[in-house]
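As written, the chains take the letters A, B, C, D and E, and residue 1 is the first residue of each chain.
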Amino acid sequence: MENLIVDLARALTTWLQHLGLSPFWADLVLLVLQWTAIVLIITLNVLILVWLERKVSGFMQQRLGPNRLGPFGCFQTIADTFKLLTKEDIIPSQTDRLIFKTAPMFFIIVSVLLYAVIPMGQDMAVVDLNIGLFYFISVGSLTTIAILMAGWASNNKWSLLGAMRAVAQMISYEIPLAFSLLGVVMITGSLNLSAIVAAQHPFWFIILQPVAFVTYFIAATAELNRGPFDMPEAEQELTAGAYTEYTGMRWALFFLAEYTNLVAVSALAATLFFGGWQGPWLPSWIWIIIKTYLLMLVFMWLKWTLPRIRMDHLMSFSWKVLIPVSLINIVITGVGLEIFKGMRW
Amino acid sequence: MSYELLAPEIAVAALGLLVLAIGLLLPAHSRKAVGYLAVLGLAAVLVLVIANFNREAVFFAGVYQVDKYTNFFRILFLSAALLIFMMSSRYNHLFGERQGEWFSFMLFATLGMMIMVAAGDLITVYVGLELMTISFYVLSAYLFDDRLSAEAGLKYLIIGALSSAVLLFGMSLVYASSATTVFTEISGALGSGPEQPALLAGIVMLIAGLGFKISAVPFHMWTPDIYQGAPTPVTAYLSVASKAAAFSVLVRLFLSAFPGLSFDWHLVLAVLAALTIVIGNLTALPQTNVKRMLAYSSIAQAGYILVGLVAANSYGLKGLLFYALLYVFSNVGAFAVVTAVEVEEGDAELESFSGLSRRAPMLAAVLTICMLSLAGIPPLAGFAGKFYLFAGAIQAGYLWLAFIGLLMSMISVYYYLNVAKAMYIGASRREERLLVPTSVSTALWICLLGTVFLGVYPGPLSGLTELAIAIFSIG
Amino acid sequence: MSDFPILSAALLLPILGALLIMILPPRQESSIRAVAAVSTLASLLLSLGVCFGYDQAKGGMQFVESIPWVRDLGVSYALGVDGISLPLLLLTNLIGFSAVYASWHTEERVKEFFALLLLLISGVMGTFVATDLFIFFLFYEVVVIPIYLLVIMFGSSKRVTKEYAGMKLTIYLLIGSAFLLVGLIALFVKGQALLGFPSMDIGTLAGVDFPVTFQIFIYCLMAFGFGTLLSMFPFHAWSPDGYAGAPTAVSMIHAGVLKKIGGYGLIRIGLLLLPAGARYVAPLIAILALGNVVYAGIICLNQRDLKYIVGYSSVSHMGYVLLGIASVNLISINGAVMMMFAHGVMAALFFAMIGHLYQQSHTRNVGDFGGLAHQMPRLAVGFMLAGLASLGLPGTVNFIGEFTIFVGAFGVYNLLTILAISGIVITAVYILRTLGGVLFGPRRSEWDHLQDLRGVDLVPLLVLGGAILVGGILPFTIMDLINSGVGQLLVQIGPGSVGGIF
Amino acid sequence: MNLDQLVFLAISGFTITAALAVVWSRNIVRSALALILTFLGVALTFFNLGAGFLGLVQILVYAGAVAVLIIFAIMLVMKPDPGTTNPTTPSRDTHYLGGLLAWLVVIGLGLAIGFTTWPSLPAGPVDDDAVGALAQLLLGNYVVAFEAAAILLLLAVVGAIILAKGADKI
Amino acid sequence: MIGLNHYLLLGTALFGIGLYGVFAKRNAIAILMSVELMLNAVNVNFVAINRFVQPAASLGQLFAIFVIVVAAAEVSVGLALIISIYRQRRSVNLDDFNLMKW
């Protein structure tokens, strides 16, 4: 059970090579299959997540949430998906059509690319990059561009405003996000996510780096444009921010990408601070799913509990609170490490 | 390794940060105080450098070199900054609440220059250069309500970024040819014999990139605009110190990284120098704005300094260093007067200088003497400097260059004297005396005495330059 | 006596005076004048002392002072005088002293005027006593800027504006000096290569045997540089305009001594350091000299402005000096130096008189005057003295100079000398016509208000006129001195024949 | 044509096309987006050269920050008609001169590079721990440059704030 | 076999394109973008040289990192400048910035 997926992949490779493919092409086919699997999982996952989010919000607001289709309304999202897929694809006039069309694709591609380095179980990272964490931050920073593209191409003032807010916010919170991860990196001395997971054997890093986790979590919320930091798509002010003009399938792609990001960020948090796939009894890949889902529930809990924060407060919170805190955390970690080394010596 | 020899850089960086912080903490009306802090701090660093003049050390396997050459230029940059801080005390009011930041940017620019001159490696040179240049982008645009200033900042940015790119490409080709970026290792790696074409292309691009920084023709196009638009103290600093910094790099680069080139880079530089001198002086002739005129003249001055590198012998290099230092006194003196007049009159047009000799005899006399020094009239410092430079050039066989240079320097007297004429016989718009604060007049006196003393008795400084260039192996 | 740095003292006194004047408040005009007069007088007395103290029998450089100045350039602050520079030093102080009195009545910006004037005098003096090339050139160019400022601040705009005149004069001289400087630096660099150590000392460099082509080249540069200063044809255009624009004192010093730096330089530096070059180029110089004499003389015939007449006539006279130098023999060079002295006092006197006249009448046009001898007899004496000296009347010092030059030059350039002598005729024509027009003829009542020279105004007349007569009647006083210097110089450069360029 | 060449050609073709789009587009936003593609192309080149860390830095700093800043600034200074936001110079002379100069530089440098024989070192194994090596250099021999760069960034931040705020009160 | 030359030529091409942009474009931001192209060209060079000439040491990569850092600083200052000048003139077209004669 533990090595189910890894064994499967290995068997597949061997079989492909038996068929007469060179190792290179065999690897390539495997890669393609892996990505397909990831995309499929993500899509399925999102179906569940959307349902979950609606249920959670219903629970928070003391209502039932979706409850007609299937037990507990669990087929509601599937129905919604069909609705979105069959809707007319509207592109407003006066838009920059090329950019308008590419923005959602770009967004989803970037989001999916994030999964390349996350270890989904023991030895289960698609690419075990030695600078995996850095890869995650770098590629993650590209999402901003997709939002900008969408906002600008829509030729709509709310879209543009939403996009600019989103970008300002995301750029500002990228810094504490990256800084908060440095504490972990300093302790492990590696940017390799598998190594980081391995390093959490006795203690999870949440114990050693609580401040970093809190900073990371707040910054991640802002990165995801989720409440209470959802200024860029505040319905009451901007209809739907950068996505205002998008309908049907394109809008669904954005929706998909947002949830994909949510999963990715949560999975990273689980990996960095909660021991990743480590856990007793159950197979590793189940452990990470459990941890990720728990974290996502916290995200949802926050979103439906806290009121939205004003734009300027939001910016100054990043620059005046989060960044200094994360910097101080780095300093303290460094000092602590030196002391620890000194004691051991 | 004696890391205390890095103290000047560390001190300037710390001073810059301190000034920045204090400037923000102080209430707006008392921010002038950071000026005193900056001046005192710089003076202390200057004393430190002078006290350790003879101590040398090579850090990080040649990447950073503190030697007498470094110390000479450190003294140059620090004293230029000091003089400019002193002379700009009234001008600073134009910066409003942002005086503290102004001082710290100037200090960071100084730090960049100090790193440039000490750097024995392309990477460090580049970073120092950019530290200086980016400070100057901001400083050039520091008059926020002034359209010219913003324009100057933008133009400087574009030309500066372009030149950095060219310089970098050149550096990359040099790196490709030698597989190292450390000067001393480059010379070893290149060996002798005919150079690879890529290396030549790289050297040409290095010359071009640094040519922008020293505003040598044909890379001078936007210099006058930048100089005219930028706040006058910044212009002064830009013209004396950033140029000297670029020259310090050029000299170190050519004499320690490429000493044995068979490619005749002297000739390339000689042509550049001649063009710079001629075009700088000729375009300065019709100017009616004194600041702009000084900008053109500073192009020409860069040409003269370049002559020293063309010669690349003992006299030439001594002349280069000598001229760079005297240029600090003469040009800062001239700009100090321009600043004082500009503060009073609102602009630096020639009419604003009319009748200055009656309103402020001291200012008029300093401006006249400093400009004559720039023109190379004895017994002022400029003459001694030019003597060294052209003695070097003639010794190296560039008689024609000496001809052009000296002839044009005499022609330059025309536009300098035009200003003197306005000051001495022009009718003044106003009659009341123009008073200058103590700090400004101190700076003026230092510039005046420096200019005269170096001209009448150049011996000590030439001894100093001789020490400084001893690190290069030249004939 | 021997230890006292008498030359430095003479040199620095006017500078001290200038500094003192700068410190004095501008209102204290009388003390400013007094300072100027005292410092120039002291300087004059010192230079007279040098004259009497100079041991003619011994000859050579005397009153030598030398302080190492810039080690790596081989520069030392070296002063000294010999038979060539001593008369010119004396001339400088005579004229400087008179110039202070000639401009006694300056009203505006007295402080600046006298400070600059004293600097100017000091600078000119320095070129004659310096025995180091660097110091020589330093003083050489020092004079340019005070002159410019004096011209634009105190000059007069008649045919050309004073700004134009000042700028033209300055730029011409500076361009000339640029060539000169190239030559000097090249000389220094070559000298260092040949000697093995850097030296700027004229005596040391004279011992170096420079290659002939190098000498020719450098001498051409020097001839251009010094020639411009000497207003050698065709580089003379600055001279008349400059004089016309300049205030009296500047005209006096400029025509009287400054130009002589050119001649002095050609002899001291050109001839001594580059004898082969000098001899090679000499015929060309001689031809240009003829151009000076004839061309300027002819132009002079058409001039109506007094200052232009004297200006062009001085260009013309410089032709004789050039001819003397170009002949390169003992007699001719003796004559050239003598002529320089003679022309100096004469021209200075002339300009002093014109200055006084102009100050009174505010015109310089010959046609406006007539019969001034009636109203202003003393002025007329001055004019006559200067005029007759100008046309080389025996009994004046000029006669001695011209005569010696012709004697010396005839042996070398027969035809040219004869043609040059014809220049005297031209001179006679315009000088006599001018003198006659201005001084004689019927009394014109519109000039009745003019005041004659009196009080301090008489000083220039007495000093300069005295010098003309003493030199003319007792020529040996100066001639022996000059001879001792020139003789040694010629011995030093050795024999050789003139020519080669054609 | 082997795989190596194919990959190189694909990446450089992509990069150069994107770069040309930057200068040829008349719409500044599209130029900026093409610039992002160029950055990504260069990042791919870095990956191809075995400089993974640098490729990621390239993506993070250039594509993620610099390009976004540029687009942000574009939107702040946008004109209503996007099709004319990125004009080429109206002066034909400057235009042709620029083109000519660019061609000369490309051809000249190309020839210079083409005729050069480089030090014949084999393209040895790629250093796996590039990050570690870079860190050693950064905090070792190049610590001065490192510190200077730190100050440079501070300076840029303060300077940008000052300039963008202009004469307003802080 | 793809060697150093190929990468250097790629760099040169990018450099040339950027150079053309600097001269031909009039929008200040576009010029800034062109300069970025040139800097990227340089980085391609550095990394390629690092790979082919000096695979053991990471000097080229180090240089490229510094270039990237500096470029980021340069762009931020540059854009701030452009915004400040836009506030005064309502234009970012370089041809409009001619208060001083060129």
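One rule holds in what follows: a contact is a pair of C-beta atoms (placed from the backbone, for glycine too) under 8 Å apart; a residue touches a chain by one contact, two chains touch by 3 or more.
Nothing here was measured: the structure is a model prediction, and the numbers come from that model.
Chemist: Please report the smallest number of touch steps linking chain B to chain C.
Modeler: 1
Chemist: Both chain A and chain C are touched by which chains?
Modeler: Common neighbours, chain A/chain C: none found.
Chemist: Would you identify the chain whose C-alpha centroid lies closest to the centroid of all protein C-alpha atoms displayed?
Modeler: Chain B is the most central one.
Chemist: Looking at CA centres, what chain is most distant from chain A?
Modeler: Chain centre farthest from chain A's centre: C.
Chemist: How many angstrom lie between the centres of chain B and chain E, each centre taken as the mean Cα position?
Modeler: About 26 Å separates the centre of chain B from that of chain E.
Chemist: What whole-Å value do you get for the distance between chain A and chain E if each is reduced to the mean of its CA atoms?
Modeler: 32
Chemist: Determine the centre-to-centre distance between chain A and chain D, using the mean Cα coordinates as centres, and give it in whole Å.
Modeler: Centre-to-centre distance between chain A and chain D: 28 Å.
Chemist: Using mean CA coordinates as chain centres, what's the gap between chain D and chain E in Å?
Modeler: One centre to the other, that is 6 Å.
Chemist: Which chain E residues touch at least two other chains?
Modeler: 4, 8, 15, 18, 22, 32, 53-54, 59, 62, 66, 70, 73-74, 77, 81-82, 84
Chemist: Among all residues of chain D, which ones touch two or more of the remaining chains?
Modeler: 53, 57, 65, 69, 72, 109, 113, 116, 118-119, 121, 142, 145, 149, 152, 155-156, 159, 162-163, 166
Chemist: Touching pairs of chains, which are they?
Modeler: The list of touching pairs comes to A-D, B-C, B-D, B-E, D-E.
Chemist: In the complex formed with chain E, which residues of chain D make contact?
Modeler: Of all residues in chain D, those touching chain E are 4-5, 8, 12, 15-16, 19-20, 22-23, 28, 31-32, 35, 38-39, 42, 45-46, 49-51, 53-54, 57-58, 61-62, 65-66, 69-70, 72-74, 76-77, 85-90, 94-95, 97-99, 101-103, 105-106, 109-110, 113-114, 116, 118-119, 121, 123-127, 130, 133-134, 137-138, 142, 145, 149, 152-153, 155-157, 159-164, 166.
Chemist: So in the complex, the part of chain B that touches chain C is made up of which residues?
Modeler: Interface residues on chain B, with respect to chain C: 314-315, 318, 357, 368, 372, 377-379, 383-384, 387-388, 390-391, 394-395, 399, 402-403, 406-407, 409-411, 413-414, 417, 420-421, 424-425, 457-459, 462-463, 466.
Chemist: Flag every residue of chain D that touches chain A in the complex, lowest number first.
Modeler: Residues 27, 29-30, 33, 36, 52-53, 56-57, 59-60, 63-65, 67-69, 71-72, 75, 82, 128-129, 131.
Chemist: Applying the document's contact rule, which stretches of chain E touch chain B when the two form their complex?
Modeler: Against chain B, the touching part of chain E is residues 4, 8, 11, 15, 18, 22, 28, 31-32, 35, 38-39, 41-42, 45-46, 49, 53-54, 59-60, 62-63, 66-67, 70, 73-74, 77-78, 81-82, 84-85, 88-89, 94, 97, 99-100, 102.
Chemist: Which positions of chain C touch chain B when the two form their complex?
Modeler: Contact set of chain C toward chain B: 69-73, 112, 134, 137-142, 144-145, 148-149, 152-153, 163, 166-167, 170-171, 174-175, 177-179, 181-182, 185-186, 188-189, 192-193.
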